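The following pair of complexes shares a single chain, subunit A, combined with subunit B in the former and subunit C in the latter.
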Partner chain A sequence: MSAANNICGQAYSLTVLTPIVDGHEIELADYLNRLQTGDQSPLARVRGTHFARWVVIDDVIFEGPEQGERDHLQHPRLLFTSNFDGDLEPYLEALRTDLADSADSIWSHCIGYPGTGDPDAFVRYFRHHQIDSSLFFAAYGDRTVEEVKRGLAARAKLIAFALRAQGMQAADLKSAFLREFGG
Partner chain B sequence: MANVEGKATAITVLTPVRREGPLVLWAVFWAGRHIKETLQKLEQLSFIHYARWAVIDRFPDEGEGEKLSHEYLLFESNFNGTWDQYIDAFSEVVPFRMKAIWGTSYGFPGPLPVEPFKDYIRRNEYVANHYWSAYPGYTTTEIISAGHVEAALREFQAHAAELEPEDFKRAYESMLTAIQHDL
Partner chain C sequence: MTELDLSRIQGFVVRGYRLPLAGFIFVRIDDATRAAAWISEIATEVLTAAPWSRKPDSGLNVAFSYAGLAALRLPGATLASFPEEFREGMAARADALGDKGESAPANWERPLGTQDVHVLLMISAANQQALADHDRRIREGIHRAGGLTVVKDQIGNALADNREHFGYADGFAQPEIEGAGLPSQPGDGAPLREDRWRPIRAGEFILGYPDEENVEPRAPTPDRLATNGTFLVYRKLHQDVAAFRAQLARSAALYPGGEELLAAKIVGRWRDGTPIDLSPDRPDPAIVADPGRNNAFSYARDADGLRCPIGAHVRRTNPRDSLPFEGRLVNRHRLIRRGIPYGDPLPAGADDDGKDRGVIFMCLQASIVRQFEFIQSQWINRGNAFTLGEDQDVIVAPQDGPGPHKMTIPGNPPFFVGPLQRVVTVKGGEYFFVPGMNGLEFLASAAASE
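Entry: the complex of A and B
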């Protein structure tokens, strides 16, 4: 698979699977489960992130005898996925600097994680454990997080204005609009 | 555990792929990337923000990666609405595509009837330990609509100040009419 498949518009789909140190999976899952969510999520600090998740994968699923041999992962894996704006390298650097201690608290449960102190090793670690997408769909892949938020704010502002402006005379409408939106 | 963040829901599915599966998937995903219709159909499922498929032939580790006796197919989606609505829509709107993709995985019962398909997804699904959305209060449709509104507003603003009040009012109303479905 090609790295180009990770991209749709300007959006990038990052998939990282890192082996968890044996016996650490419960502690890691517990730590992730307890992270604050919403604006307090550590991911809120990483600019350009639309959606992201951490998932502890204890083992692979067995679909029954039809499958033949049953697989087991030698080590559980931590899956990290993100849908973000722009190129991979600056984003990995943003993960390192913006997640900072949170990144260390999470990935230090993973085998071989070098820590955020060494920028090159950090990037190498993520690239080494990256899985390329085969197909990536983005409904609005041409829009950055900032653009999405700006659009939503403009829509909300116009709706509020339109309600307020109902029944206004032409001259009042024009001056109220220009006051509110410029022109 | 957190598969839900505001209006957004995360789904993470990892399924064992049949022996002949990787080649079929290569062709299916190639078609997905090169035949416009495939992704357009996903756009019709207007509640998906971002989705990806990735074929895992080796689970990354410190060396060459851990090779299991099967390859695995990772699917992740970020959508608005409930899990049930999502699977219902997938099986009704794109059943052939679902079959082409997950038909390569062991245990896939087919997209219809929907109950066995839901059981299959439940069996192979992993719950996110932490999930982040940059705009949890908004649906995919609202974000796309907001983009239309912002563009229409910008176009109107560009010449609004020059219009006489009566012309301004007519242009303003005509703008609102043009974007009424996006408000």
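Entry: the complex of A and C
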């Protein structure tokens, strides 16, 4: 695993491809489709996650002229990608403890998944199936999730203020600004 | 150079008729065999894109929803070959389109958004008499055929000077289609360097021709059904004119340039249609009247939006060369627009009279998901593509989610328009397939042979 391919600023890009137990892919996809989104998503519990997703890959897609032999997957795969703050090991531990039951409900459909009960085995499983992200670009990889959220909140506050303050005389503007943002 | 099979493409696809009246008849198919016979009959009446020697007083075009194609009992493999968004229909796509709250399908005019809209007949006419005559003829044909029910009507009427209800002249920018054989107008095509333009590849709009990727766009099967066809988005948009005027006046009270300049800044054109890029200080009737100039602008020398704001309506919906890769991505998200207003104008200075008025927005494209839905969801409802954060389009976006909503007029100092509220509400809509003449023949025979 090459760190350069998985790291941008302080952010890490994790890519994990795990084989699904034969016949489980529909049940797994249904479970994933029923997951809540936004703040209710189980991923929202895993601190430091910028963006993460699961994708069920049934088979490899071939686009092009007919060929004598076509490659197929021996087993369908579950793709999990996550962009998060900091190092891999603490994040895998956070997946284990914060996703908890959700992690088991998902990866128990995958071959060889040891469960969240055994911390070392859990980490080993993900490291074993990790692949290089190859190209990871984050527009603001130096900023943590918390910093981004604070920045967005400040932006929203400033927009609301700018709309209210437009047209104010300089002295009023100054005192309004200090009331809103001072200390 | 692609040559279009003009006599097999429906006329309104290739050129706007610029006729002032429109009658829309929505039909439900109750009997596939009778409908098939009726389709061969109306096919003879459909106005094609073949050059005309004299502009007709009225013209007919026809389109089918997925429910309509299913009601014709086309083979399952043919039905399944249509793209997912078309099969689902506009109502099912409400989340992606931002059609929530007042605009939610639950509040739409029935039967729009239900399984009862199968065929859309569009009559364009030069005057009321021509519209009434053509409308009567069509309805007699429907009645004679049997097995068909008219489920809805809609009238469209152009306003004076090509204005829409908010008071802007509309309909300038239309993509120049390769092989259409129409006069070339600078600004209509794809941007090249040094203010030059080339036609957009026909496959962006018409199935069976190479598109901007130089491949034929994904199309339903068989080719006989798909070739020369296109997809139509029909969307009835109510415009709250009093709310729009009040919102503009509230912001204009603080804007140093005054109300008309602000009105021009939020749209990117002065009310008479003068591009603000070409004439930043005042409307210029000479530019508007000149087809060689009234759309001949790019944003190459206005990256910061100091002349035309980055959030201006015409810049968001057609960013030309202002997105990365010199507009090459924009070329994949162009629309042929064929809208027409409905309802009477609200007199200047009048309070809201509670009447329904707005625009029948219609656009044509090879891929609804890549063209209309992308523009609506990514360029109108979200600001990210333009680094505008949460800013939504000031004219047609819902202004939903956490507010307050605003638009920025770049300058020193910048000016913020807002807080913005929704001034356009979706009253209903459908996705349609517009077959070529060959496609109409296919539909008539496939349904009849069932």
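Everything below uses one rule, namely that the second predicted complex is superposed on the first by the 174 of 183 C-alpha atoms of A that agree within 3 Å, B and C clash if a C-alpha of one lies under 4 Å from a C-alpha of the other, contacts with A are read in each partner's own complex, and residues count from 1 in each chain.
The working rule: a residue touches a chain if its C-beta (ideal position, glycine included) is under 8 Å from a C-beta of that chain, and two chains touch if they have at least 3 such contacts.
Quick caveat: nothing in here was measured; it's all calculated off a predicted structure.
The superposition on subunit A brings subunit B into a clash with subunit C.
In the superposed model, A:162 lies in contact with both subunit B and subunit C. In the superposition on chain A, the chain among subunit B and subunit C reaching more residues of subunit A is B.
Contacts of A:101 after superposition: neither subunit B nor subunit C is touched. In the superposition on chain A, A:5 makes contact with subunit B only, while subunit C stays out of contact range. In the superposition on chain A, contact of A:128 is made with subunit B only, not with subunit C.
In the superposed pair of complexes, A:120 makes contact with neither subunit B nor subunit C.
Using the contact criterion defined above for the overlaid structures, shared-chain residue A:49 touches subunit B, although it does not reach subunit C. Contacts of A:137 after superposition on the shared chain: subunit B is touched, whereas subunit C is not. After overlaying the two complexes on the shared chain, residue contacts for A:13 are found with subunit B alone; subunit C is out of touch.
Overlap of the subunit B and subunit C interfaces on subunit A: residues 155, 159, 162. The touching residues of subunit A, when paired with subunit B in their complex, are 1, 5, 11, 13, 15, 17-19, 29, 32-33, 35, 37-38, 41, 43-44, 49-57, 60-64, 66-69, 71-75, 77, 79, 81, 83, 111-112, 128-140, 143, 145, 147-152, 154-155, 158-159, 162, 169-171, 173-174, 177-178, 181-183.
Residue ranges on subunit B touching subunit A, taken from their complex, read 1-2, 5-6, 8, 10, 12, 14-16, 25-26, 29, 32-33, 39, 42-43, 46, 48-56, 59-62, 66, 68-70, 72, 74, 76, 78, 105-107, 123-124, 126-136, 138, 140, 142-147, 149-150, 153, 157-161, 163, 165-166, 168-169, 172, 176, 182-183.
By the touch criterion stated above, subunit A contacts subunit C in their complex at residues 155-156, 159-160, 162-163, 166-167. Note for the complex: subunit C touches subunit A at residues 254, 389-390, 402-404, 406, 415-416, 418-419.
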